[in-house]
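Below is one structure, written out as structure tokens, with a few remarks after it.
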Amino acid sequence: MHIRLINPNTTAGMTATIGEAAKRVAAPGTQTSASNPESGPVSIESHFDEAISAVGVLEEIMKGEREQVDAYIIACFGDPGLMAARELTRAPVIGIAEAAFHMATLISTRFSIVTTLGRTGIIAEHLLDNYGFSHHCRRVRAAEIPVLDLEDDSDAALVRIIDECKRARDEDNIGAIVLGCGGMADLTDTIAEAVGLPIVEGVTAAVKLSEALLGLGLGTSKHGDLAFPRSKTFTGSFAALSHQAFPLK
Amino acid sequence: MHIRLINPNTTAGMTATIGEAAKRVAAPGTQTSASNPESGPVSIESHFDEAISAVGVLEEIMKGEREQVDAYIIACFGDPGLMAARELTRAPVIGIAEAAFHMATLISTRFSIVTTLGRTGIIAEHLLDNYGFSHHCRRVRAAEIPVLDLEDDSDAALVRIIDECKRARDEDNIGAIVLGCGGMADLTDTIAEAVGLPIVEGVTAAVKLSEALLGLGLGTSKHGDLAFPRSKTFTGSFAALSHQAFPLK
Amino acid sequence: MHIRLINPNTTAGMTATIGEAAKRVAAPGTQTSASNPESGPVSIESHFDEAISAVGVLEEIMKGEREQVDAYIIACFGDPGLMAARELTRAPVIGIAEAAFHMATLISTRFSIVTTLGRTGIIAEHLLDNYGFSHHCRRVRAAEIPVLDLEDDSDAALVRIIDECKRARDEDNIGAIVLGCGGMADLTDTIAEAVGLPIVEGVTAAVKLSEALLGLGLGTSKHGDLAFPRSKTFTGSFAALSHQAFPLK
Amino acid sequence: MHIRLINPNTTAGMTATIGEAAKRVAAPGTQTSASNPESGPVSIESHFDEAISAVGVLEEIMKGEREQVDAYIIACFGDPGLMAARELTRAPVIGIAEAAFHMATLISTRFSIVTTLGRTGIIAEHLLDNYGFSHHCRRVRAAEIPVLDLEDDSDAALVRIIDECKRARDEDNIGAIVLGCGGMADLTDTIAEAVGLPIVEGVTAAVKLSEALLGLGLGTSKHGDLAFPRSKTFTGSFAALSHQAFPLK
Amino acid sequence: MHIRLINPNTTAGMTATIGEAAKRVAAPGTQTSASNPESGPVSIESHFDEAISAVGVLEEIMKGEREQVDAYIIACFGDPGLMAARELTRAPVIGIAEAAFHMATLISTRFSIVTTLGRTGIIAEHLLDNYGFSHHCRRVRAAEIPVLDLEDDSDAALVRIIDECKRARDEDNIGAIVLGCGGMADLTDTIAEAVGLPIVEGVTAAVKLSEALLGLGLGTSKHGDLAFPRSKTFTGSFAALSHQAFPLK
Amino acid sequence: MHIRLINPNTTAGMTATIGEAAKRVAAPGTQTSASNPESGPVSIESHFDEAISAVGVLEEIMKGEREQVDAYIIACFGDPGLMAARELTRAPVIGIAEAAFHMATLISTRFSIVTTLGRTGIIAEHLLDNYGFSHHCRRVRAAEIPVLDLEDDSDAALVRIIDECKRARDEDNIGAIVLGCGGMADLTDTIAEAVGLPIVEGVTAAVKLSEALLGLGLGTSKHGDLAFPRSKTFTGSFAALSHQAFPLK
């Protein structure tokens, strides 16, 4: 059972963080590997970054298909390219935002999200709506730290995240907190200890959900709107995608 | 890691079916056991049956707490007593309806439910609303078979379920089907083969979700509205619950 | 016309309070009586208390059916056992939470709820969702008093309730307040006078709604999903329910 | 206790029908009277008819205020002028659509509406949304009869209504039917007998809800957005409304 | 192309303000004219004012139909009489509240509304629900100024509006502000300059949306529920509407 | 005033069709131009095609920024890259799906969509949810024609579209139909004539909405979550985006 974690940004340090977080929670029989696209933004902090990163995510899925990967995780909290990725494979594909939301609703009736920058809050709001979890989330909060500070200035970032989590705990009438960035994957235990209520982190949640689906023999439905894309011509820098028949082998 | 499957009805044969289904999907390190209350209805086909069965579910949770069970599954599609059960323990508690809904949304954009009797469809509708999945479910369908026919007349029941699943597949514009009764847990593979699109079954889904939560170190939040119940007096036949301090040991 | 008020907890003093509140508003031709189960919690402050109390509520309904009661009120703000109770009878069955919500929407565009403990707020939130009134309720507030303080320390409790109602009045942009506990039934007038906007209390509201339905010749629909439960075997301490044919006589 | 039924259209025969239906269900101590505006459409079958009729409704409310009426019913299924009417008085004001919806949800989990013309279905849909009952209504159906046929060709109209109600019963998976026109108030019993499931009619429902509110001492909140209108100048044919101070005496 | 702006209140000064605002944004080929009913309230600050004003709006529409006006704008933020007005004509009819909401969602993900009096906030809330924009609006705010102060004490009014807009900008996590009164149409630029984020005003928005629809050859659908009203008898002061066949000529 | 229509697919014929449709409705003072990315799919019929096409859309926006284009239209019915595109510019950016939805709600109370392939229906459903128009759309229908058939086999395609539109008209209880593909832009009049109710087409709708916003001086808000993206490093084939400061010049 091989689960591939795709870090949609191109910062290798963050890919490593995500890969290690995955390994820590993977079951004995589970192989995990982490990758990131060659091309794309070093961090994802806007709709623009997200749209560009989706291309890399899809390339990583196609690479994984050729390597017969069994499940994929999109390890950025906006779940960039999720629907498109699902079309490319029979394997399960899980976004870390959805993973965290699902898990949070299983252990609490209401949760809050603590993310990096306020400007990305709208992305979380849209996902909550799409996935059906708007009523379960009391508030989307931001620690107002750029994503790469999680790498470059991690101590200061941790302090701000913990402070915001404590405000969530004390003001939001919640049972759990969802961490809103894949780059926080290595901070979960520290935050949980400092804050004292369940902290749900998406990378690790997605690993376990992938194992769960694989254990059930379930993968992305190819019946209906997530069927493989129709083969067709692509032009220019995307010409390599032309006449690609799916599933890839 | 010990997961207890609680069959809320008192039909031992169905408990065995559920227990075996759980074993089939459990990970190597996972111990599963199945139980049912001593007292309660032999099948659950109404709000009334469900309300009575909740008492037995809670007793089974308390029994499990004394045995230091690590996670609980409520193996009836109405998720009877779920919120109350969560209050009694730090362990995860998962209903099979919610488990199936969560899994179905991870592999398809829209699903339908095929349940036993039409009259219980409203229970599924209410759960979809509460959990946030109304928009993901196209239709709640019933094969119109009494629950115990799954035990007593299983061949005929299977035919009707498969027929209804095929209608769902052909008419509902869906990617997956959720089976709406714990008693169908042993039929999943047969149905999936006959119908040809992903069939999500709640008992097995809940086992994997329990493993997932335990693997993350997550349990029911004791912060806020799922905290342990306040200790108090109970009268009459429930006197044994009086002054019970939680967590149980 | 005989309306039975069922106090789902087993505190006789609260049953008396509820019974007296009912008498005060009952129409000349209306007979009211109040009862509580023999068995169950002395107060209801959690999902657990609520689940246990539902059994007693259903027993009281069955008792009432043998006495040919004409309508039932479930006098706890979580409306425990409401759907199940409706299955057992052709008579109307009304929960005090729903009764209060209905009435509040007829005299205001938006209301707030003032309940006892913050932890039970989630129960009110779920009911608002199920009944369709989420948009009409601005806020669920708690006076943070245990239910039995309404009996045992009623002066202090009253002060806290009035204070919270005043905050609702001044901060919530509302036209009415719903009292969130059956035990507040005798305080309505005092609170209304102190707060100066309409106070809607569920016990009294439910009495008048019961009279209204009975006056229209309307009772619980036996067509579809609220039909009488199917007769079946119950085991153990619930064996007396076995092979019970409904309607009871 | 004096309840005034306002028929928003100007067809005296329909006013009489409504008045008689009200009398049939009124409690012993309740005085009912029915009126209609002098000016307005003879039937209400469009948004346009409804907007014009609202003026007459408001005039009837003001007339009622001078006569010290205790409660008002707006006896047209679109509830025309309801919010405006509530501003003019401390008395309860109830629309027959909302009354029927409230009652239907107390005796069933899902209902359908059978109205006169298909083109007015959108009015019912908007009301269901505004009141919070969209999820409780399975379908809005029309018998496709002009409103005045209920007066002028009542036998044929009755047949069509019953036929449509039977279709609702057999196809819609419901527990009750709401009649979607005040002019059907005298047909309720006949329809109920023919169709065999609870038929909820708004005029009679509103009478009983008015009695209920009055019995509780509740009237329209004057706190917040339903407070009396600010006194001001009106011009032209509405000049008589100028500088009107409320409450009227 | 002739667009008629109907000011639903009868204050000529405000009609002039609205007419000038329209002229300022109208395209070269667009003729605009502004009118107000002869009869009705001098300002609209309640459901009551709104219901009365709807009659005048409809009369202005009928007058316009005889003059072969090409599109209509209802220039009061409650969009009074909108649905009824649409029934009377094949021309587009646009309310300024809906116009502003549509435009605001095209340039921002979330907006707030700044209206005149808090008591009319509920009207905006209802419109947001009906039009589908509740999720896009963070907050309905009021500057707490009577509508006519916009005419009579405009400097003080402007200060209060700008102050409230700044609070919205700083506290509401929004990208744009919708002005909630037609009487603010001449203040838009001043407010925008003072506040520094996009200010969407409904009168001007509606002019451009009218041009847009006319440019597409689109008008109010006469298929289905916005078809011309059925011809019928009206009585009393509305007798002139009797047997009116639509479209008017 | 220069409006750039971006055809997200790379089929020049379709770009021409879109460009001509735009010219037909553009106001005298409006300059329109149509472009398509060099790189990308020749048609967009899946989430995958859409994700890839978003890159080209964003490149076209950046190209437009350097040319000082005044407004942008994303001329594919899935509105690919819309949020990201808005971040890159102060100009308005409008998707043709949203444009059509907005216009349809201004002339009807309910509409249906007729799109190309059934598998893309989910994209329309998600957009309806995100934009707030789910309640206004009765049904998403597909003519089941591949997008390029609109170019290559346009007569047969037209017949199927008209047939599906007629079914929508006759079965869906609607007032208008939204065409669900930019490639249908030249067919609008023919379809409207054949079907006999208002047909709303997104390309033309978006042109007029762009003119409307520009006429109001409104552009994408740079306050909050649509602010220009933070400058940062991009790697690999996207390296040219590195350290790009916005706004572009």
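Each chain gets a letter, A, B, C, D, E and F, in the order it is written, and its residues are counted from 1.
In this section, contacts are C-beta pairs under 8 Å (C-beta built on N, C-alpha and C of every residue); 3 or more make two chains touch, one makes a residue touch a chain.
Here the structure is a predicted model, which means the values were calculated and not measured.
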*Identify, among A-F, B-F or A-E, the interface equivalent of D-E, where equivalent means over half of the contact pairs coincide by residue number.*
A-F
*Which pair wins on C-beta contacts, B-D or E-F?*
E-F
*Whole-Å separation of chain centres (CA-atom averages), chain C against chain D*: 28
*Between chain A and chain D, what is the gap in Å from one C-alpha centre to the other?*
52
*By residue number and range, which residues of chain E touch two or more other chains?*
83, 109-110, 118, 121-122, 129, 135, 173, 224-226
_chain C to chain D touching residues, read off their complex_ = 25, 27-29, 83, 92, 94, 98, 102-103, 105-110, 131-136, 169, 173-176, 196-198, 200, 204-205, 208-209, 211-213, 215-216, 218-221, 223-226
*Once bound in the complex, which stretches of chain C touch chain E?*
109-110, 135, 173
*How about chain C: which of its residues touch chain B in the complex?*
10, 37-43, 45-52, 54-55, 58, 81, 83-84, 86-88, 118-122, 126, 129-130, 146, 224-227, 229-230, 232-239, 241
*Which bits of chain E are touching chain C when the two form their complex?*
118, 121-122, 129
